[in-house]
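Two complexes come next, and they have one chain in common, chain A, joined by chain B in the first and chain C in the second.
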Partner chain A sequence: MPAVQETVDQVKAIDVDQYKYGFSTDIEMELAPKGLSEDIVRYISARKNEPAWMLEWRLDAYRRWLTMREPDWARVDYPQIDFQDMYYYAAPKSNPAPNSLDEIDPAILETYKKLGIPLREQEILAGIAPEKRIAVDAVFDSVSVVTTFKEELRKSGVIFCSISEALHEHPELVKQYIGSVVPTTDNFYATLNAAVFSDGSFVYIPPGVRCPMELSTYFRINEQKTGQFERTLIIADKGSYVSYLEGCTAPMRDENQLHAAVVELVALDDAEIKYSTVQNWYPGDSEGKGGIYNFVTKRGDCRGARSKISWTQVETGSAITWKYPSCILRGDESQGEFYSIAVSNGAQQVDSGTKMIHLGKNTRSRIISKGISAGRSQNTYRGLVSAHRRATNAKNFTNCDSLLIGDKCGAHTVPYIESKTASAVFEHEATTSKVSEDQMFYCMQRGLTQEEAIALIVNGFVKDVLQQLPMEFMVEAQKLIAISLEGSVG
Partner chain B sequence: MNAVTPIRTPAEQALIGAFGALRDAGPAAAALESLRVDGFARFEATGLPHRRVEAWKYTDLRTMMREAKPLAGAPDASALLAAKVAVGRLPRVGGSRIVLIDGHHAPDLADGGPLPEGVSVSGLAEALVRRPELQALLAGQPATRENTAFALNNAFLTDGLLIEIAPGTAVSHALDLVFLTSDGAAKLTNARVVVIVGAGATAGLVETHLGPAGTDYQKNVVVQAIIRDGARLEHGRRQLEGSEALHLSTLEAEIGAEAHFDTLTLTSGAAVARNQLFVRFSGENARATLRGVSLLKGRQHADTTLVMDHAVPNCESRETFKHVLDGEAHGVFQGKIIVQPIAQKTDGRMMSQTIMLAEGPAMDNKPELEIFADDVACAHGCTCGELDEDLMFYLKARGIPSQEAEALLVEAFAREAIEDFGDEGLGEAVEELRAALLASVTDWMLART
Partner chain C sequence: MSLLKIKNLTAKLADEDKQILNGLNLTVEKGQVAAIMGPNGSGKSTLSYVLAGREDYEVTGGEALLDGENILELAADERAAKGLFLAFQYPIEIPGVGQMTFLKAAINAQRKKNGLDEISTPEFIKLVNGKAKELGISPDMLKRSVNVGFSGGEKKRNEILQMALLQPKVAILDETDSGLDIDALKIVADGVNAMRSPDRSFVVITHYQRLLDYIKPDVVHVLSGGRIITTGGPELALELEAKGYADIVGKAA
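The block that comes next holds the complex of A and B.
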């Protein structure tokens, strides 16, 4: 039907403009000299007033990085990145380490207001019931500008602050855990991150504490020609629980910007960490110009017995996504979960998935991954499930489905399933399909428009994943999916 | 970055030396010279594949093939005599038997009467002189050409067999093709067979691979099948190599419109085996069924790697592979279904299932989908586990000894891949083969302890 194609083209044209977080904030920034060298690593460390051991740690990583090669196994294609042609540190000049909201540049506050991120505690208190409060760590380019509800969290023993602050306030905790899940030698981008990471969030939940509110970090890239390298470290001590949300956006620019983050989660005995991401970095325009390169290493270590880590992600942004949130199921009876929806449109390239590494006895994992490709995008699920010899009775269930909209895109599935123990039970299933004509007919016969029908079917398709998202994010995620798929009738 | 000079392993050095000697010895078949040179260049550029080469991730040939045995020459009279005895002991499946010893055709060992009408067998080098168009076929499909085992086979290609089924012929008995490695010092056999099934023809072909136990001989065999429009080929393989052998096998198939290709491999021999299938649809409304059963014990390693390329619309493929692992065996399944942008209405389903009978084995699965068309139905599944305890209990409660109960369950497991193999047209021969394969599963289970 030619009319449909017209609609597709029209809506696609709008689609690019629909990136509503594409504005930039014009404020004076302090930038490190351009490029990367030992001096830059020292500069970043000095700016943050870090202890000597931290600088050594960074320098070790940097020297290691110099010997490493950029990985090329992912199904993504991009021009060579010039690591000397970007800034590794960018902080608002006015007051890079404000003590209260009043000291923050109003332009930044305005930015977060526009993004819909509540930073003023009293505003939040006024509007929403207490149990729905969310503590936010707001990271603006290279620095954390504010962390809300810190005091209240401290009352229950929860430490929630920027990682720079944690280095001063709780160096023993940072020293004990940083790099223990993602070592500095892990991979090209994780090693780069270890050398130049500038900020990020730090969370420690003491034994037996159920974190009284949702924690969240909002990442914003603003400055041109900068890379964002944040590092998040979450430690859930014995018997504790925390739910953590992460959101990200960036302005629309013609250039590609690098985001190479590292997230480390540690769950001790009986602890549970729920980590949710709504990734909405600028995806580039319809021709594939601009957009964020999202090369992220996320890994959780179920170190204690009966611990549990669950990753939920909704991926709609970024020009290129390269990330595999993983669980190391070390503790006996520990559990790992991965729920993902990756929607790609335009010229986006997604190579994402998870790793479930079963080391302990009676460990369980579950992977639900839904990939939706439209436009000229390529969407790859790449995942590993492995059971070590002593991981007796390990169980995994994997379900990865792909949906293609249009005939210019691609959906790929590359699972690795490695079992070294007979008692492990691994089940994997994957399907690829088109939005069913029968279902479309059924919906449209009942008066839904084609667009509505598609939205309904796609929402049904991704329901398994959305159910895992915290309430606030679920609504947001559903909206995101609607945006990305509008007009994508094939 | 400076150019890196690769460090050659002893096996690589030996292969390079063997190629040089082959060239110096003069053109055994001048027609094959350019293929040999091309194959060798490809091998020389990459060397033996290792675990960092994605397609060989789980079968590190560089480590597993420590040395390359000398290239096997044509068998002498005593080898032929010994081979005749060995082949004679092997029950015939199907009709006419064609024998290759150390990769060389041995017409004297043919058995089962004259070739059926419409079937012709000729030497490959000689055929290539008459029909230069075969050159492109021998060079392989693009995906196959990239493969090191295939490149090596081309590098050492001096002759082979061309089996042709005339268009419209319905061959009532499967051809029984035996690849035997002769006794004596361990050697490297390079064998090549090309099968062309003419338009509308129906044929069956069963390969059997065997050799002396306790000798670490090596075999690199390539079978290329062209199944023309409306034709069908039923292809069975029994890999019963000696216990120390290294077995590399590549099956390449091109399937024309409305054609049907059905292949089943039973793997129980060799210390290290790699079974590769490269199958491509070149005409619409065709069907392919690829299946395999691997029975591995001790420290055996067997890898099945397949690429199913849906290059045209409206084709259907089914891939069913079963592994039964005992001892400290290592099974590998790497399957990839590719759906090209124009291949709308593709229907592809891939399943890999594993049963482990002991605590020691390892299984690595990589069932991939690579899809570029939107109106398709593709699925893959993969399971891995031990025998169902409830079923074992049920059988034992009925007085069936544990060992027999296990054999029953494993046979049922393997049956799924075996039972609907073959075509009505080929009648008894395929039925015999099915029965023989199922019996070998049971025998293997009962002989396990």
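The block that comes next holds the complex of A and C.
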């Protein structure tokens, strides 16, 4: 069990309340004027040199957003956000749109290196087998600073670039698909995102192509008082396959920062998209001061027959998490999957889950959710499974397990099930358990330290979800979970 | 030379006032198999938990020396690494954690504390397979999660497997015979007997004499009211079996 040992070493190396990625990079940034207005929307669009239709799209969204109310149904509690008291655009001053790595501020390269994300292809190439390479799009505050392996991917027809670049290079694709899964009218935060999104990743896999390497985006919030609004769009054309990973970190700050992203996935006939997230935004300190508000809309559209979309998420960070990666099972015989591990400690609040909307015939979905609460945190699973009249023989299996560590935290399960066809078969299982003193004592009597024992028991609890992650990330995720739970007992 | 020496030990549940161990004295010599018998509620299980360092018990006085060192201030895992092993009366289930993962984590945790390198995977597998075979533990059992879905007999054999792998100096067997049929009892007893050595001591806690037919003790102590009230040879166990506890407990009181 290498992970247990590594986990423990990692846990030992840091103190409680010490977030490993909490450093900030001192770099001169160009900021839009503080606050939000039509002018700011125009400013962002102009900075990106966008076509007129894109600006109109944004302004439409902005005007609609002004009429919307912040949702309050989630089981989370936070002071009112002042949307005029933050910056909506922050880009490194030196060169906001570098053409090559040499043009990037060395401080930024250093930041990613510190985070363990090498951006120089030659560094990545050294010692890594070709099939294990991962192409990375690095998003720093509001802009994408670099995308690696672009050329190599292009050889197989795969487009992987920032969404800003895609707007210029492939406007027809962006125009066709953006907002087609998460419309600008969708919800308060998604609409805000549509108005002010500054960057994000764009992926297009042509028909019949199996993407030759893992793609990933690494999001870093650095600037103070800045919201991050990125937008990711992934299109898997007929018969294609792609596996995509997303990672996120932010500096430790006393203030709360808003992260309101939108992710749209489109899978056409026989295509498959596997989307994995390891979310490690700064969670705030143990008293609940600071941390990221992670209000994210992620949705996949299984538009084609026999298409498949799979979400896997490991959520350990953020002060507040509000996200429900969902699948619209539109194509006949399409499949949706959601595998989630949500860990909360300290004063964190998590309200997360999924929606599986069965529209096509013989569609199948599977939900495995593992919530782990420690400290004084609250962890809610909220999920919807629905079958439309046409969705004959729709099948869903849901399993929600909650694990409590200590006696001051809470776990909640809120499943919604709606079926308009008699032939649908929906199964729901839920359990809540506690890391018992018996289990801890048993492990410790065999020689494991308290941290080792917790890591072992929790890793056992989340095993069936961890197995869904790409290999490299499985070990990473195991470590992350253990670190997040450091100091949760005793 | 004594391997385990308990002097005037008093202990209680952390959140209750009532003392359960009341000045317990016990010496277990190196290489000795000591049986501790006693009626229900005499403090047998408390003794094993207190020695192993379970946190919901509070030691209010006395000391327990393992190889000359007082272990009562140490955390449970440190006591384990010093060579103290407890075979649980009710082994605990750990869902999702594979047996092999658990066994390896335990071995390595102890090796690390004792300044040794981690065991290599081939060496580990060879070691486990060898011991498992001796105890009639099937390869299938090794693939399952720790104690999950195990029968009573399988759980007890699994405890003995862990003991065999960890090679403790002092092994405490807490009512290892409970819930076992004769065949399972024999396998467990054979496993224990195979580990008897001049350097290792056993504390066999049991309510019934039956187990002692298979694991022959060198000495038998009777525990009552949280103290050892009488000590004798193997014949004492037979006498208890014949006359019941009331007689002896009454005499001592």
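Keep this in mind: the second predicted complex is superposed on the first by the 458 of 490 C-alpha atoms of A that agree within 3 Å, B and C clash if a C-alpha of one lies under 4 Å from a C-alpha of the other, contacts with A are read in each partner's own complex, and residues count from 1 in each chain.
In the analysis below, a contact is a pair of C-beta atoms (placed from the backbone, for glycine too) under 8 Å apart; a residue touches a chain by one contact, two chains touch by 3 or more.
Since the model is a prediction, treat every value here as computed from it, not as a measurement.
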| item | value |
| --- | --- |
| Which superposed partner A:Ser286 touches (first chain B, second chain C, both, neither) | neither |
| First, second, both or neither for A:Glu452, with chain B first and chain C second | second |
| Contacts of A:Phe441 with chain B and chain C, given as first, second, both or neither | second |
| Of chain B and chain C, the chain that contacts the larger number of chain A residues | B |
| Touched partner set for A:Thr185, first chain B, second chain C, both or neither | neither |
| First, second, both or neither for A:Glu427, with chain B first and chain C second | first |
| First, second, both or neither for A:Trp73, with chain B first and chain C second | first |
| Contacts of A:Asn399 with chain B and chain C, given as first, second, both or neither | neither |
| First, second, both or neither for A:Thr413, with chain B first and chain C second | first |
| Of chain C, residues touching chain A in the complex | 52-56, 75-77, 80-81, 85-86, 88, 91-92, 94-97, 101-102, 104-110, 113, 118, 145, 162, 166 |
| Interfacial residue positions of chain B with respect to chain A in the complex | 54, 341, 344, 354, 356-359, 361-386 |
| Contact footprint of chain C on chain A as seen in their complex | 1, 4-5, 436-439, 441-450, 452-453, 456-457, 459-464 |
| Contact set on chain A toward chain B in their complex | 73, 389, 402, 404-434, 490 |
